[in-house]
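Labels for the chains are A, B and C, by order of writing; each one numbers its residues from 1.
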Amino acid sequence: MEVSLSGVTQRFGAVTALDDVGFRAGRGAIHALVGENGAGKTTLMRVLFGALQPNAGTIELDGKPVHFRNSADAINAGIGMVSQHYSVIPELTCLQNLMLGAEPGWLLSESKAKSRATELAGRMGYSFNWGDSAEGLSPAGKQKLEILKLLWRDAKVMILDEPTAMLSPADSEALYSSLASLAAGGATVIVVTHRLPEVMDHCQTVHVLRGGRNVANSLVAETGSRELAEMIVGHDIDERAVEQSTVGDVLAGVNGVTLKGYRGDDAVEDATFVLRAGEIVGLAGVDGNGQRELFQALLGRQRLSRGSIMFSGEDWTETGPRERIERGLRLIPEDRHLEGVIDEWSLEENAALGLQRLPPFARGLWVDSAGRRDAASRIADRFKTKHGGLRQKMSSLSGGNQQRYVAARALEVAPKLLLAFQPTRGLDIDGTAQVYGAIRQACQQGACALVVSFDLDELLEHCDRVLTIFHGRVQEPPAGLERDRQAIGRMMVGTG
Amino acid sequence: MGDIKGLGARHIVLVLCSFALVWLALAATKVPPLEALGQLVQGSMGSPAAWKQTFREMTPLLIAGLAVFLALKAGLFNIGADGQLVIGAAAAAATAIKVPGLGGVLLACLAAIVAGGLWALPAGWIRAYRGGHEVISTIMLNNIAGFLTVWLVTGPMRDPTQQSGTTAVLSSDSWIPAAVAQPPFSLSWTLPVGIVGVVAMALWLKRTVVGFELCAVGANRTASETAGVKVKGVTVWALMASGGLAGLAGAFFVLAYEHRFYANFSPGYGFDALGVALLSGGSPWGLLPASFLFAVLSSGSSAIQLTGVPKGLNGILLGLLIIVFASVRYRRSRLGDD
Amino acid sequence: MIDPTLLAASTITLGAPLVLAALGGLTSERSGVMNIGLEGAMLGAACATFVVGMQTQNPWLGLAAALAAAILLMLLHAVLTQAFAIDQIISGMAINAIAAGGTSFLGKAMLDETSLLRAPFLPTQTYWCVAALAVATLAFYLRWTRGGVHLLAVGNDPDKSRQMGLDPVKVRYLALVATGLLCGLSGALICSNSGSFRDNMTAGRGFIALAALIIGGWRPLPTLAACLGFGLIEALQLHLQGTQLAGAAVPTEFWTSLPYLVTLVAMAGLLGKNRAPAGLGKP
């Protein structure tokens, strides 16, 4: 089926997410939709999937205009979408998930469904225990189930939003070969991504969005990867060298740390590494390899099953977040809304969150209002957070500005150990540079930093040293290959 | 989300429906609505005796409201205020009977705070360490408190000279005296104490680190834990402190007004206190008008009964009041997608 | 000694209203709507069935009124929580307050001393059969039908369900209609057991049903077992009143508190781990 969107404009309040955007995708090919975070890729696809009703614009399928009131309409018209976080419901079985919303009748006849499910899976070369609960599926298993869900619904147009975000490189390769066979069968496959190598290797056309506008639309074969990167960012990418800090003594030591994961197995096994004063250390790995658990353990929110954590001569193993914050732990969390800020509080109150027991935010057991006000304005100024007054709610800020504020807060009161999990999530190139610049600045004053990211290139660009984590095992690249992209990439998937 | 954004025609419809329901109810009793309203005002504020009754009702509502408010600030629904209040009242009565005099009064208040706090402890512990919802556990504790106190006043604490299940009357030197006594009007010291409590609560929440942390827990538990707040600890002691305050409300009602403890002691003060706390709009100062409003409805509805309007109207009014208010103030904001 | 048949009969008598109400709670909470308003819906039904039954002297009209009243109250819960996005606990509390006040009001306004204070009821065995049937139907429905799976999906994750083309709001409205239906039956049965309407006559049974639901892990058959267990405790209390147990008189109040105590113990995790529907309370 051929898809064509034209003149799509989507506003959220005062923000224009899409401005007169057009998009075409023909059958039998894999089409890439690329752009930076916040460029409007996902928004455009949600419009096509009927999840958003645009302020203006038309959708045509095979040349006929259609109007979707909701996703159910789009599904009926043959459009399917796999979102980044998957829509597998853990409480249901794999088979129930497969059929959800597209059951053949009101009574579920599982034997008939099972044979069709097995047939679909066989076509893709997958296998499933259909009666098992979907809870135990790995990210790759969920992704496969999502693809079968598209087939179950006879989707002619398949939209995949960042399909490899949670997958290992090997699983990603397998996914693209599945997608290629679907396209060969006549499907229209649209992949939303920001990973250019995938575009270059697997897709036929590429469509670039920047700041909610069309930038380019071309055949991959006619486009160079560097040219594409420049179109995405909007200016030349300067490949600058990392400015090294002077590295001092060991500040933090993680010794033989083993951690239990959510399912009771060991999420991190025998991790041993050190952080020295003045250095930024990156932890590279595919999502779900134990980064979260390790991070929580460093914060003091998760107990260690074995091992110890030392910080500047003190044993931190048995201490909680409060004690660690008092000794200089600072955090730029993964999920801002969940862990970093209180949306309905003012900027001023949020400035104190995490630092509430330290001066200038407190004097003994009392809140120091004047100190807090001054600190809040310093924090807002540091990365030029755009705000309408420090008494405004945090939720009045855009995502990027919130991230600037949170990053600045982590650097405000004498940080000694900075922990950052995907610190540039939702930031543009400039914001990213600012945040790393500030981490660098703190490190130059004697702190150390550990940055977790799923993006190896970002870590290689900004960190002094990169460690890898795979299946809960932390490794340091061998001498001579410390900055070797290929070698580290192999270690990230356990083939190093 | 702004407080006003998202309000629209449907909210107007809600308010109109509420008015229509009350009007219908009044029409069913053939009492003209305006006359009923007049009676309500007259019966709650029309005479010194009416004022006395209104302030009497306001005391437990204000202090128990403060209790529920504190828990609500920590993100906890203390529906158990009613149980904590009767347990506190029972403890106060038992203490004051044993120890008369001013020392006895203070000791009784202390006993009530401790008893009410302990009564809330299981709910706090279950919420913090077992993840069980405090609403369900406090409902269970309310019922247990009800039966336990009935057993106490028909058994161990019973005054054998009385027909019904009740303790003996406290000796008058362990009564909390009136601050103003000009019959038929009088005002017990307990209400000013409650108002001081509101001021203290307001300052404590705004000006202390612990208050800041409590509010943080109420607003976002995960962010608070990440920020070094001991969330489980805060959950347990916030519910216990809430229980202690509710217990104190019970003690005040025994020591200042009833002077004894009996079966089915609370006519639902704990539940009304939840309404008071909700209507306060998130600010302790709001507790004063909210508890006054509830007290007016309560003492006024007794007066309305005389004109032939059944007392149940009170419940309808409170329910509608909470709905209309909550539809504006306590909406769950949908999280935007990233 | 206690006559076992007699004990069984009173267990069923006392347990059946709990079963119906707890199943009502199950459809609501499995769809993700926390429901402490069961008590109010039952009370409303008990009042409606008596007032209408008495006026018309027709048991079927009385039953219809019970169902209508409970469904109306549960629809109110649905509107408040879904359309107005009011917190589900606050909405439940408000519904309980309105039902308690409203039934007391109606009771006073409609039932003056002059009217014939008697209403006809269907035989209680009818309700027992319906309750048994409801357990089986619901267990089957949740596992083997499209609607049942949709209910579970919406209760587990409304956002993902919406992505799959389901309409969570619609599913929840329907679930709450079912809740109203079952609570209506429960309220009518309670009224029929006692023969007339009294203020607050459900006496917290809605909360006990909720407790049984939690102990039963939000699953139909274990919930049935928990309800019958509570029924048995209540029956034992009636039969053991005044008798000695292990040499000491156990006060009635202890037996009446027992369901609540058992629930607390269950919530403390001492009876194994329970998992609430993941989407419970989400908008």
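Throughout what follows, a residue touches a chain if its C-beta (ideal position, glycine included) is under 8 Å from a C-beta of that chain, and two chains touch if they have at least 3 such contacts.
None of these values were measured; they are calculated from a predicted model.
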| item | value |
| --- | --- |
| Arrangement of touching chains [line / ring / star / complete / other] | complete |
| Pair of chains joined by the greatest number of C-beta pairs in contact | B-C |
| Chain separated most widely from chain C, comparing mean CA positions | A |
| Chain A-chain C separation of Cα centroids, rounded to whole Å | 44 |
| Between chain C and chain B, distance of the C-alpha-averaged centres to the nearest whole Å | 27 |
| Between chain B and chain A, distance of the C-alpha-averaged centres to the nearest whole Å | 46 |
| Contacts with two or more other chains, residues of chain A listed in rising order | none |
| In the complex with chain C, residue positions of chain A that touch it | 51, 70-72, 75, 81, 83, 87-92, 96, 99-103, 105-108, 149 |
| Chain B residues touching chain A - in the complex, by the definition given at the top | 1, 206-213, 216, 219-220, 222-230, 335-338 |
| Interface residues, chain B side, partner chain C - complex | 10-11, 14, 25, 28-29, 77, 79, 122, 125-126, 130, 132-133, 135-137, 139-141, 143-144, 147-148, 150-151, 155, 271, 274-275, 278, 310-320, 322-323, 326-327, 330-332, 334 |
| Interfacial residue positions of chain C with respect to chain A in the complex | 144-147, 149-150, 152-153, 156-157, 160-167, 277-278 |
| Of all residues in chain C, those that touch chain B in their complex | 34, 36, 80, 83-87, 89-91, 93-98, 100-109, 204, 207, 210-211, 214, 251, 253-254, 256-257, 260-261, 263-264, 267-269, 276, 283 |
